[in-house]
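Chain naming follows the written order as A, B, C, D, E and F, and within any one chain the residues start at number 1.
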Amino acid sequence: MARFQRAFEGPPTFMKLETSDIQKDVDIGFIGVAFDLGVTNNPGSRHGPASIRKSSMMIRDLNHYNKIEPKKICNVADLGDVPFEHHFDIEKATNEICDYFKKIKEHNIVPLAAGGDHSISYPILKALGEEEPLALIHFDAHCDTVADLGGSAFHHGSPFRNAVLSNSIDPKSTIQIGIRGTAEPYWEFSYTSGMTVLHVEECCEMGMKKLIERIKNTVGEKKTYLSFDVDALDPAFAPGTGTPEIGGFTSREVLQIIRGLRGLNLVGADLVEVSPALDTGTITSLLGANLMFEMLCIIADSLKP
Amino acid sequence: MARFQRAFEGPPTFMKLETSDIQKDVDIGFIGVAFDLGVTNNPGSRHGPASIRKSSMMIRDLNHYNKIEPKKICNVADLGDVPFEHHFDIEKATNEICDYFKKIKEHNIVPLAAGGDHSISYPILKALGEEEPLALIHFDAHCDTVADLGGSAFHHGSPFRNAVLSNSIDPKSTIQIGIRGTAEPYWEFSYTSGMTVLHVEECCEMGMKKLIERIKNTVGEKKTYLSFDVDALDPAFAPGTGTPEIGGFTSREVLQIIRGLRGLNLVGADLVEVSPALDTGTITSLLGANLMFEMLCIIADSLKP
Amino acid sequence: MARFQRAFEGPPTFMKLETSDIQKDVDIGFIGVAFDLGVTNNPGSRHGPASIRKSSMMIRDLNHYNKIEPKKICNVADLGDVPFEHHFDIEKATNEICDYFKKIKEHNIVPLAAGGDHSISYPILKALGEEEPLALIHFDAHCDTVADLGGSAFHHGSPFRNAVLSNSIDPKSTIQIGIRGTAEPYWEFSYTSGMTVLHVEECCEMGMKKLIERIKNTVGEKKTYLSFDVDALDPAFAPGTGTPEIGGFTSREVLQIIRGLRGLNLVGADLVEVSPALDTGTITSLLGANLMFEMLCIIADSLKP
Amino acid sequence: MARFQRAFEGPPTFMKLETSDIQKDVDIGFIGVAFDLGVTNNPGSRHGPASIRKSSMMIRDLNHYNKIEPKKICNVADLGDVPFEHHFDIEKATNEICDYFKKIKEHNIVPLAAGGDHSISYPILKALGEEEPLALIHFDAHCDTVADLGGSAFHHGSPFRNAVLSNSIDPKSTIQIGIRGTAEPYWEFSYTSGMTVLHVEECCEMGMKKLIERIKNTVGEKKTYLSFDVDALDPAFAPGTGTPEIGGFTSREVLQIIRGLRGLNLVGADLVEVSPALDTGTITSLLGANLMFEMLCIIADSLKP
Amino acid sequence: MARFQRAFEGPPTFMKLETSDIQKDVDIGFIGVAFDLGVTNNPGSRHGPASIRKSSMMIRDLNHYNKIEPKKICNVADLGDVPFEHHFDIEKATNEICDYFKKIKEHNIVPLAAGGDHSISYPILKALGEEEPLALIHFDAHCDTVADLGGSAFHHGSPFRNAVLSNSIDPKSTIQIGIRGTAEPYWEFSYTSGMTVLHVEECCEMGMKKLIERIKNTVGEKKTYLSFDVDALDPAFAPGTGTPEIGGFTSREVLQIIRGLRGLNLVGADLVEVSPALDTGTITSLLGANLMFEMLCIIADSLKP
Amino acid sequence: MARFQRAFEGPPTFMKLETSDIQKDVDIGFIGVAFDLGVTNNPGSRHGPASIRKSSMMIRDLNHYNKIEPKKICNVADLGDVPFEHHFDIEKATNEICDYFKKIKEHNIVPLAAGGDHSISYPILKALGEEEPLALIHFDAHCDTVADLGGSAFHHGSPFRNAVLSNSIDPKSTIQIGIRGTAEPYWEFSYTSGMTVLHVEECCEMGMKKLIERIKNTVGEKKTYLSFDVDALDPAFAPGTGTPEIGGFTSREVLQIIRGLRGLNLVGADLVEVSPALDTGTITSLLGANLMFEMLCIIADSLKP
């Protein structure tokens, strides 16, 4: 029998996956996007990928709930971090991210991206939705459809506005889940463009099962991207993030929802805004790592022949 | 368009409100009561007002749930902190607080007070309930109707006993919500005086909607004061407090309850026992700030012509 | 009237109980098992007993929910810590624990043990279940029925496998509650030996009331041991533990379950895996201390003549 | 050979000393004074005694530097905490402390007191210096000779003014060491009463050896009390205190000074202002515990027949 | 006598100074530059100004060492934070800072700027050194004369290269103090341009007194700017910063040096790279606040008629 | 020019070194020994190697002080962690470590080992000193020459006793530096075997320069091993360790000493007892990483042809 490897041994890759370059035989690629120039409040999520990788070392292979074992289904690898040339220019970095994910797409790799702040979702969507607008499932406390702010259109409050304007996502097939807080007036674009906006209170009122149906009805069988901002959860569950809002989801609820998305046509996913320096212990990183594992499971499952 | 102000810019007043002296044209005044001589266990809530102000900088104007925008309805200001002459004498400080809030009342300002420990509620109630006893909605893990203890009647375990004895609140119109823990024998006064005591288990068993009805039935249309001890919440949601008790409310539950109090005749409110040095990150301060915003909303709404 | 003693005064024994040697007239004994050589990941639970004692200083005498007051029913004492001769040898230490609890049993003391890591439960069960296999109620994220690992059979992932193999517990009367995570393949023994394994999702789906019935049906009127690993709770509620898993119980749920076990024939209980250096503040220690108080209450109640 | 006891085993008394009541055969008594109503800024030092005791568990018997082994020289015991009747009244509590230490003195016990805030030193000095004014060696960032402030004369900024006014210490035989910061104008009394005030810059300029001589010259062979505020050290060495001042002593320097006081006629000592909730890890408690051990050594040495 | 104001009362301005707009009668202005887009490693110093202000609340008026009392000498005010229009563009923000400080200069205000990352020093120097190149005293672990990096010339590793190239400082009159670490090859510009580079080892070898002379010799009677990066100190003294390097100065040493600069012709100063989320407690903020007070003292002294 | 790589990018190997298997062309190998079963007090140093690697990412190539650039001199690689088969048995794990380092020695690799607790030094020394006893330079607060304790001879308090008894080191050529604390009686073996024991007070009294000479005189030109326990430093500089002792070295002092060892015949080195869960921020890991870089420099220098 193989030596039992302790969780803290060896180089911290996601789930102790092999590292790999971008190449055709990778089916699903974990990618770090260590970028946080887009934050309006507390920076630090550039350290998210390293922290999520470290916490993921405790995750083994089999999902006890849905019995999916991703590594058995397809080729999963840790592709490392997006190699930025520009560290101080949000627009140029946005282009670099986009170019990187175009290459990912060309190699038919389904990306599982760890942020970084939420601004990274726009260039990813632009790359993946180049040919046809994608459906979007978006977990967040905030709609992130703010217009230009502080002199930029590419900050972490605007990715999905940008994605609509660049025709990368279809607002009619976009659902935003867990929304709350006091910035509502900034998100008018969500409503005018036709997105489905579900405040956290509505989600809890209808219950997770109906919510899952609602999501499925919105995205249908379209190619769908899943973007998960950890501040969708309550600060008790995810304190390590830059713009926390009270009254969010519990960990059990988001586990239930993500698992409920099995069967959808997912072409990529991200988990963003984990900010280790703001975490208490590593509970937010651990949560982020596990949610990414759950995403990996349903994506792997959908790749089953 | 106005420059977008980042959350961390400028002097930390509550919700970036203008500061003001006590004057007639203020409708609702945020007031810090930086006092914690009354604690029996862990001191430190004297730093609560500063910490709540700081966390409140992230709160913008509109309540997404009930669409109330307090600043548009009435004149809200941050009145600063109660200026104590006596820093080491709980009885004299109690008198100073009472005098201060009498002045607030004379100017027809509805006070929104940030503690400080719970001992501050008695002098506030004494000032506001001078003419006729008020109804009281009290969130807490503890009844705070303990008799003299450690040589004083004015500690943080006794404010509502004192308020009954000084005829400032009507025990028949008083409801205590979220009660739990092992100090029950100390709170006999709650029962003998006729208060409604709801243990957290009963609250959860009946559900938040019935609980709201129950509260409304208890206070009716009377002039009502709302006193909120953060230890009503579970330590997972509010770790930064001096006498935490497990098994408390979640943030979503207390949001739901406070929002459900819309329409009541609120003449003042406080949120107490936030103790920053005991917090993990700033999640308790953030929670406190947001709950005070919710209180502000329903008070402002009740002032609408 | 007696002087009011502040929570932080005096030597930190469990609930300010008197200390005692092992002697016949003690009915229930709190025992620290400051041992953590069995951990596979993060050590540190050797400091659990001291930390639980410290947090328990805030707990007074009466359970507000079920009105049980243990100290009035029977003789409860803090027996101190198991005095290890072997500090570096998991097998010898296991034997020392077993010998100690045999002595406890001989004196007819019902033990309430504070871990330490979960490896301590095996030697306790071996001592208590010497004459006939016990029923077992086991709260945990993990089944802890792993085979030899890293060269040992006595690590913290295997106590209940060992207990079955030594005939100390009856797997048919064993129920494991709150199970989750990605190590399922390691726990085949739970299934093959006939234990009832309830994943956290099933528990929540059926609700706490049905879960309590299910537990009662499993253990019946047998002599029963209760073993509680704090990682049964979600990391938001119990961050201070070495192998946390997201998606666990809330504090209210476990309170409800433990209280629901009143009336069972409990011959001993433990609470394990509190690791203070990993805690945020002391919320996990506080939780552990209170859960042990709840266990104490139902055990004391069962000893009532 | 006796079983090797691990540092974290057993009840946390100072240095694992036996506990004792106040009785004649105790030569030196460790006493907790868990009181902090006198603080002007950050409270929390009421938890100092418990925290110092816990950290002291790592200290064994022999001082490697001066080869003193206190327990071999005389009877040392942990006498527990001053049992306060008054928890909320600084003046009454001050009297209680004084009464307690009078009893200590009557039993010929040399007290080694752990604060608590610095206000506790006045009632101790009043008790010990009742018959004749004592000499005083005072380590601190602040002179603590402030007049009435915030309505009280008994706060933690005034103990040594009070001690002079009550004729408990002789200002001419008083030396204050490590003084710095911006509150100098408040300490005029130190100068007018004739105390020797050494700012930290002067101390470092002259070097520790000359400083020790200077101290010895000031107190001579008089009965001398040693009062040590941990904020004498730099915040890098003692962060866990309520009014830290940058530019303080290092741990090596204070060790050297205290050891240099061997041979003096010490009748009592205290270490105050350790505030665990403000500490980083437990480095301030560990420092405090060790400095108290060093004090114990030179006091024990002076009791040698 | 005026009411004694507790440190934590009132709005946190620097040293409780009055706030003011930019106007002629202000002599020295405290200015927050809440900007950190230029960091190469850990962001977060945008929160430095708020944190320094909060910690400065404990500082009173008189410098005990040199007896300077700035508020008595001249008009000192807290001017608030630089109001950025551009939050995501390092180059535009750099211009905004420069414009702001030109206005400061036009009003004859000596600026005391709190960063923010070190990139802010370049635009300040550009504003202040517009007419003639300034002398520079620069405390830091790093020379900060790196060339373009990560696509920008304006990051926090390059301010003094930029300042030389824009003719804002005179490299021959520039002295860099405390330099260490492994990035030496990046700082060739310091040497080729003729700056005096003093590694921390040389500084300590020569002693603080000679170091002060060396500084004075370098800057002479020129108009001089003082730029202080907290990472000049050892991480034990200043842990809360983004690029710490072991082996740095102690707090006593830097106090001695800054005090030794009395008499120089200082036209402005900054203290940068305090990053509260990385701090342990608030010791770095407290240090930063006090060092800024010391700078204020010597600047105020130089303005004495 | 190559892309500037940010410190937090890429897999955390020591100093971003290439990873490698054990093979001849590696000259110096960084090795993690993630083992802490030998601790007597606080466990957790098993996480030291991962944490030191992470902190080392900020270290670039050139030592500014002695201008050594190890990667240019020889082939340095990160060899990963010792792959333990036995996770719960100190004696068997000790053998595994020994076997591993024998292989290292056979490949002529000079090992630079990151602990782990100090028990790892014995098996390393046993492997490296197999042919002839080595000289030893040992930095520590404790002599670590304790006899059997708690039932084992292989705990972290005994490595150098074991090394003498197995003839792996020559006690006459062994120097122990920084010794202090209250466990002196346990270390008699150091004296009886003829080791040179330098208490921290003696070291500081003689000064670092003489201390370096003293070290050189002790080890001469012998093959020498350097073992560095971080608790040699004061807790202000190295809080993240399991048995801290006040009064230790500063970071500048240990830098000076290690640099002073240039020219010795070093055949291996370790740095042990970094315990991340006890650290404040990451200052101890950063310190450990940098001290290992300094060791690497002098070892690389000694390999220069």
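Operating definition for what follows: a contact is a pair of C-beta atoms (placed from the backbone, for glycine too) under 8 Å apart; a residue touches a chain by one contact, two chains touch by 3 or more.
From a predicted model like this one, the values you see are computed outputs, not experimental measurements.
Taking the definition of touch as given, a chain qualifies here only if it contacts subunit C and subunit D alike; those chains are B, F. Note on connectivity: the fewest steps through touching chains from subunit C to subunit E is 2.
Matching C-F against the pairs in B-E, C-D or A-E identifies A-E as its interface repeat (over half of contact pairs the same by residue number). With each centre defined as the average position of its C-alpha atoms, the distance from subunit B to subunit C rounds to 38 Å. Rounded to a whole number, the gap between the C-alpha centres of subunit B and subunit D is 39 angstrom. Counting partners per residue, subunit A has 4, 6, 8, 40, 46-47, 84-85, 87, 149-150, 234, 236, 250, 278, 280 as the residues that reach two or more other chains. Chain contact topology: the protein chains form a pattern that is neither a line, a ring, a star nor a complete graph.
Interchain contacts (touch definition given at top) occur between A-B, A-C, A-E, A-F, B-C, B-D, B-E, C-D, C-F, D-E, D-F, E-F.
The residues of subunit A lying in touch with subunit B in their complex are 40-41, 149-150, 179-185, 199-201, 204, 234-236, 239-240, 243-248, 250, 278-280.
Contact residues of subunit B toward subunit E in the complex are 3-4, 6, 8-13, 19, 34, 46-47, 50, 54, 80-81, 83-85, 87.
Taken in their complex, subunit E has these residues touching subunit A: 36-38, 40, 42-44, 46-47, 84-90, 92, 149-152, 154-155, 277-278. Only residues 4, 6-8, 58-65, 234, 236-237, 250-252, 255-256, 280-281, 283, 286-287, 290-291, 293 of subunit D touch subunit F when the two sit together in their complex.
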